[in-house]
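Structure first, then comments.
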Amino acid sequence: MREDIAVLTIAFYIAITAEAMTAALAAGRRKMDWFGVCLLACVTALGGGTIRDILLDHYPLVWVENPYLLLLVCGAAMLTIPLARLVDRLKWPFLLLDALGLVVFTVIGCNIGIEAGAHPMISIVAGMITGIAGGILRDVLCNDIPLVFQGELYATVSIITGAVYFLGLGWGLPVDLLVIGSIAIGFTLRVLALVFKWEMPRFVYDREMRK
Amino acid sequence: MREDIAVLTIAFYIAITAEAMTAALAAGRRKMDWFGVCLLACVTALGGGTIRDILLDHYPLVWVENPYLLLLVCGAAMLTIPLARLVDRLKWPFLLLDALGLVVFTVIGCNIGIEAGAHPMISIVAGMITGIAGGILRDVLCNDIPLVFQGELYATVSIITGAVYFLGLGWGLPVDLLVIGSIAIGFTLRVLALVFKWEMPRFVYDREMRK
Amino acid sequence: MREDIAVLTIAFYIAITAEAMTAALAAGRRKMDWFGVCLLACVTALGGGTIRDILLDHYPLVWVENPYLLLLVCGAAMLTIPLARLVDRLKWPFLLLDALGLVVFTVIGCNIGIEAGAHPMISIVAGMITGIAGGILRDVLCNDIPLVFQGELYATVSIITGAVYFLGLGWGLPVDLLVIGSIAIGFTLRVLALVFKWEMPRFVYDREMRK
């Protein structure tokens, strides 16, 4: 296995485990049953890649080809139940793991877009969908307006990571260097956004309410 | 037609009719118009199989191949409007029909997973999606947190039915016996869960609220 | 390019631009950030065609094949931010553009159904999904019960437009005449429904609440 692929694979497993655990906490806050905990974890951790593959007609889906991913995600989610207080206290480690997941999913999604022969713009969108759509599905199932629309520099980090990756490919940089480089840039950007609370501008239009 | 298939087909038509009628009641409780009644019925009755087929890349979809299913579902939904009080009073018959639908959809979904060459674990998941995803879509469109996450022994019955079915296949039991047997086991389990109010444990985590 | 196709193409671009702008206003009313504005616009303007193509296994998706559509939709959405008051005041022009979009999307969807070899009933459904599913996705992401279920004569206009189109095809009318004719009939019907506030009957069932 090439080194860049090994890095992506290991980071992918870490990231879906972390996403499953934070999704389980979200399920616990809504008093869901154990089945709901597992399903919400699967949708959050694997939903982004699933939507990407459906949009690109890229079959079989990752978890259909490798069903043990479902066991990993459900196992991580169930393990979160006795460890809830601990996981919740580890807020920063989980925010860092989530940031890692965002950029790793993005690079994986870009690669699948390239593999499917898509336009670079679509490959960047494929990366972004991989990074953010799981969280959107989680919020829809929890009956919330998706968090990703609420000002955090999150999807933007994914788009920038994808753009850096494609810029590097265009410049002919070696792929393994590029994978690690764009993950590092995207991760740093996301952490800076978290630390300094950088936000996307909002479009606030409340004329209707003033009527 | 083989006998096991005939049983599945008849039970399938009964089940989607019953699901269409209960979905129509849900639409009436939200004061939807006649179009909303029909659409909610279609999504509830046919949505599970649709999601399963999209995930498995199994085309054409059931209702695309057999569009008269749409007429059946919409007809049953519209018929529910004048009969609403009656349907609502027949709570137990409809709970039994829903239980039948759950296990029948599960076995049909398992068979389609097998047909698509999926791993047994994925085929059981395909059965479960067939059984429960229509109700999840209904709840999302009605702006509720899906009922299936709220403690009832519902998805679990579907998973057990699928596991029994695969266990039997592994033991080399005849398929027609197995179809009827696993439907009987799943149905009995679901009815027992309803009668004795068996529930899945919940994961209740409200630290956030106590802050 | 044939004349009927040119008319459809021009109307398609006008319609997705208008849908992107009204979706951006909806995002502004929920105080979404700029990314949310763009994503909600993309989902609203392109979501109907995307769902139709996934259901019919008709790939590549329109915006995957023509990624510049994403730039058009995001551009129109971002332009709405400084122009919000103006766009909001132009209520009637936008209602007319939305009506145009509904019927144009319907005819385009019917044609793709025919192209995919679907049953006429499914092609009409494909037209309706193209016309209304983007708005349903928008409402789900905004955490509302979809507007299309709330009594307006909207989806019905789409179904009638599709039925007129197929009736004409059956009578052997020339396609270019038929495209323009069914768009004109559907558009007129929608405008009449808006002016005279025609509504679908609702199914109101509130026995549960009276308990």
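Labels A, B and C are assigned to the chains in the order they are written; within every chain, residues are numbered from 1.
By our rule, contacts are C-beta pairs under 8 Å (C-beta built on N, C-alpha and C of every residue); 3 or more make two chains touch, one makes a residue touch a chain.
These numbers were taken from a predicted model, which means no experiment stands behind them.
K.L.:
So with touch defined the way it is at the top, what topology do the chains form here? Options are line, ring, star, complete, other.
P.N.:
Contact map by chain: complete.
K.L.:
With over half of the numbers shared counting as same, classify the chain A/chain C interface as same or different.
P.N.:
The interface is built from different residue numbers on each side, given that under half of them are used by both copies.
K.L.:
So what's the Cα centroid distance for chain A and chain C, whole Å?
P.N.:
30
K.L.:
Scan chain C for residues touching two or more other chains and write them down.
P.N.:
54, 140, 143
K.L.:
Using the touch rule from the top, collect the residues of chain A that touch chain B in their complex.
P.N.:
It is residues 24-25, 27-37, 39-40, 50, 54, 59-61, 63-64, 67, 70-71, 81, 84-85, 88, 140-143 of chain A that touch chain B.
K.L.:
Touching residues of chain B toward chain A in the complex: what are they?
P.N.:
54-57, 118-119, 121-122, 125, 136, 140, 143-146, 148-152, 155-156, 199-209
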